[in-house]
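What follows is chain A paired twice: with chain B in the first complex and chain C in the second.
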Partner chain A sequence: MPAPDPIPGIRTKDRPLRSLLLTLPLGLILALLLSGGANVFSDPARRFAYASVWVLDVSLFFLMLYKGRTDRYRAVLFILFAAALSFTFIVHMSEMRGRMGFTNSDILQCKIPFCHIVTTMILIPMALSRSIIFPGSIEGGFANISSMLVIVGGGLLLLGRGFCSWGCFYGGWDDGFSRLRKRAVWKKPPGYLRWGGFAVLLLVALSSAATLVPTYCDWVCPFKAVTEYQAVTDFGSLARFLIFISLFLGLVVVLPLLTKKRTQCAWFCPMGALCSLSNAVSLHDIRIDTERCLSCGKCIKACPVGALDAESLKSGKAGINCTKCGKCADVCPRGAIGYHLRFSAVLKHPTTQRTLFLYAAFTFLAVFSGGTLQQMVLMLLSLATGGGLSS
Partner chain B sequence: MPVVNTYLLGLSVGGGCLAQCGPALLPILLCEDRRRWKLAAAFLTSRLFGYSAVALLLFLLGRATGLAEAFGRSSLPAGLVLLLLGASLVRHSLNVKKRVCGKADGPAPGAAKAFGRFRDDALLFACRAGFLTALGFCAPMLAFATEALTRNSPVQALLSLAGFFLGTTTVLLPLFIGGFACKGSAVRQIGFLCGLLAGALYLFQGSFIMITEVFHACS
Partner chain C sequence: MKTTFFMRRLASSLVYPVGLVYVLAIAALFPSIGLLSHELAQMPFMRIHPRYSGGQVVETIRTDGVEWRVHRPVFDGLMRERGHGFIQIDALCETPPPSGAGIAPDCDGDGRPDFRLVLPAAASEAPKLVPLSPLVTGLESWADTGEGWIARVGLDRK
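Let's look at the complex of A and B:
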């Protein structure tokens, strides 16, 4: 069946000058924020790292506006961010401790870096006992708890579950693997699996509140395989290590390859489930114009987290677990799906509503990833010039 | 007053009950839209029955052999109970899969058929889960057992059991309230997945305990 003609007034490609003008303010904001308050012009290497990251960010944003495609360009930065974070993290930890694994002594000295997924386990104990059940540094040090909580809180308020596609520094892993194959091998994974994150959230929140130990991090976090894990010293730590590796291979590599879905984020991540709850109060969401929609199902097939189904097309709203990646809007042949600003008419000014969302989301992603990407460029430069890997 | 003492004991160690019994209780509360009260009552009654059995057994063992021997040095019974509870949860989840997840997700695959050969009733499962969680030999249970073993008569042991049961049930109240408040197909599917994951968790815990015990015995 030939693709239907686009509806008049639905523009997929913007005018270059307009896109350029809209990109300029973001370029200025990023020029200020990417420096992180430091003098980036102090030496040529830092200057190069800063400039290359700025050029990458600004180009991607311009292309998003000009080409009218969101997910394609978002994914570039998102996947780079995940790879860069693991790379720089491992180098940093190896410098700090001499190895990827941490010991009981590191736990006792509260030297474990904090990641946003732990938020799901510390909230209830924090409310009940006013203490944080994670052996990390409250402020100061590497990846401290207070700064991460502020970033996550800000991200959730701004983007809702959009945080999972525009802020999470792990999401790029399964997002990347889900794009490697052209066609899915496992074409119709069961729909109920999209609630897996909620089941994991319930179980880990319950067990962490009761045992005062972040159980997800201790036992089942797949990303331990690409960041850090408890050094293998006994049968228990060996079992954990094997679980981390198996879950990483299964949920982050193999299943995304087979299904073309972000299986770890959609089916297993408790933080994703927590973020879904914040979608209810988020300013931006994804809406479907039910009159324009042909119910062709392309968006349902494309959605990487299973947030769209026939029911959503009827109701005109994406599911609560939508990560606002924009893939559905990119593949819709009728321009019937788009970003929507709460309290405004659905898809009345689609370009404006999309631009408003992109400003918020892309700035968050670019600023959050900026430091890590610059650090990776610096490390690679140092490696290329014979200085070895060092942070 | 043994009842008051053990009620307070139950409250203080109830966090452990949330961690140990909560995962078994969640699928019971979430998978069904109707007869939740009945299922919750069945869970609690069989749990009370399990506690009574343990209290009496420990009292008799304590009288006969002394405290240390009553606990024994082996964790094998705890591992076995966890394995049974895990298998029971997985089987129940696979049994309710088709009903909870709908026909769109297809009939139960081979694993579901293997586990669900004997049709499982939700009420029966609630009774079994309640009884097995009481036999869990978890930290709260051991705290209670220490208390029960020091009593001078079976009546006192049973009274302290009643207090302990009330204390730990109070801690589980938020789960009951939350469970009764949530309804809908998504909630049922979350309950089904909770059951599967919790079953896997118990199976893992049970196997882990068994393997560790075997390693210890060999070395």
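Let's look at the complex of A and C:
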């Protein structure tokens, strides 16, 4: 029996002119938004940083449309974002404080930058005590709580758990390490591990409410190793530092290398679990055309967070923990998997449905990462021209 | 039956414009962050828990070249007050502070000071605490802020 034609627009090449025309509006949006309201034309270095990030973003989006593949080009920007954020954050903090670690003085003055993962720990105390259990700044200052909550809220509302593949500035770390080996060494991690994030979410939400301390940040966040941590001054802070480093090496470096999965995001991240809940009401999801699907299992093997299994292939729906990275659609030999708009027919207008998702998700990623990437380019330029590292 | 079919068709055709609205919403999200975060910051639940902020300043005293800010005693828990808490004292001064500069606040409102806090001679040293009441449990934490000191004195509730 001859194989059916692949669904147009899912993974086959698109016409270059059409892809170019569809890229133009995004190019205009990014030209406006990448400046972030600042005068980027004030000096040659800023102009170069702005132009190089714009060219990178627009090229990646064009390739996504033209080549019909999503994850390959998304990952480039996503991984760069994670590396650039850690790099610029450490330089910025070292400049502000003279060191990477924060001290008791920073805590007592509420000067700790807020990150989206803390959201999971502040919700119960916020509801019950009408206050936020975090030593940060509500408004103003670096990485303040209100701005971060607006970005996270907007991301969750509009992308669902797509935030984990298109918005999270830590996810690129284990995404990157999960791609370094060609084959997985640990081929079939137990399926129940994908519920690990929910268990961690429950534990940290309850323990934080009981102790009024953001427990995950205080004790077990692996990304402290690549951003900031409490300066080592006693046995307690030394123990924490060692835990952060060990968890980073274990969950973000070694396990992704062995399994080719995003193990930290899939098994341990409470924010990932919270984002999964928002998938239930998200407009965009991933659907499988069960009539076209051969059940070859390539998508199950490729899914970095274990959102697909044999049951998904039968039901035609990805699991609630799907991060909408598009890897499954990229590897499907029959073009039977694709982005889908809720309430519409499955893969009826696949190109339109995919393009609408890519516009939303890529704009989020490109604008959110834009400032950080420009800052990194500026720092590297300054370093290359003998000006040293400075933000 | 007909209504369900009609509703499905309607939802199916409306979802594309909604998808477009999502794109516009994301494009509008970032330029509006300043405005949206300012609005969010005005919400009643958007305040730092007193355990971290130190609670409201209830008294400001200027003496010996030091501005002392005395916060209210903090016993706040998740839903009710806890048995143990602290009181935060901020001292703003130029370093080194005047020799022997100190403050003796009344935490429980009985008209008598509960402890005396004396600033150290050097920034790297901890302020000296002299408990004057059994409710005072010790100096819980302190920090040199570059503009003075912040000290938290542990307190038990009456």
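Rule of thumb we're sticking to: the second predicted complex is superposed on the first by the 380 of 391 C-alpha atoms of A that agree within 3 Å, B and C clash if a C-alpha of one lies under 4 Å from a C-alpha of the other, contacts with A are read in each partner's own complex, and residues count from 1 in each chain.
The definition used in the following text is that a contact is a pair of C-beta atoms (placed from the backbone, for glycine too) under 8 Å apart; a residue touches a chain by one contact, two chains touch by 3 or more.
Only a predicted model underlies this, so the values are computations on that prediction, with no experimental measurement involved.
With both structures placed on the common chain, the touch criterion links A:T352 to chain C but leaves chain B unconnected. When the two complexes are overlaid on their common chain A, residue A:S146 makes contact with chain C while staying clear of chain B.
When chain A is checked against chain B and against chain C, the one touching more of its residues turns out to be C.
With both structures placed on the common chain, the touch criterion links A:C110 to chain C but leaves chain B unconnected.
Of the two partner chains, both chain B and chain C are touched by A:A209.
Looking at the shared chain after the overlay, A:S237 reaches neither chain B nor chain C. Of the two partner chains placed by the overlay, neither chain B nor chain C lies in contact with A:S52. Residue contacts after overlaying the shared chain place A:Y192 against chain B, while chain C stays out of touching range. Residues 209-210, 212 of chain A touch chain B in one complex and chain C in the other. Residues of chain B that touch chain A in their complex: 15-20, 22-23, 26, 100-101, 104-106, 175, 186, 189-194, 196-198, 201, 208, 211-212, 215.
Within the complex formed with chain B, the residues of chain A that make contact are 190-193, 195-196, 198-200, 202-203, 206-207, 209-212, 235-236, 239. Within the complex, the chain A residues that touch chain C are 29, 33, 36-37, 103-105, 107-110, 124-136, 138-139, 144-147, 149-151, 154, 158, 209-210, 212, 283-284, 341-345, 349, 352-353, 356-357, 359-360, 363-364, 367-368. Every residue of chain C that touches chain A in the complex is listed here, in rising order: 8, 11-12, 14-16, 18-20, 22-23, 25-27, 29-31, 33-34, 36-38, 40-41, 44-54, 76-79, 88, 141-146, 150, 152.
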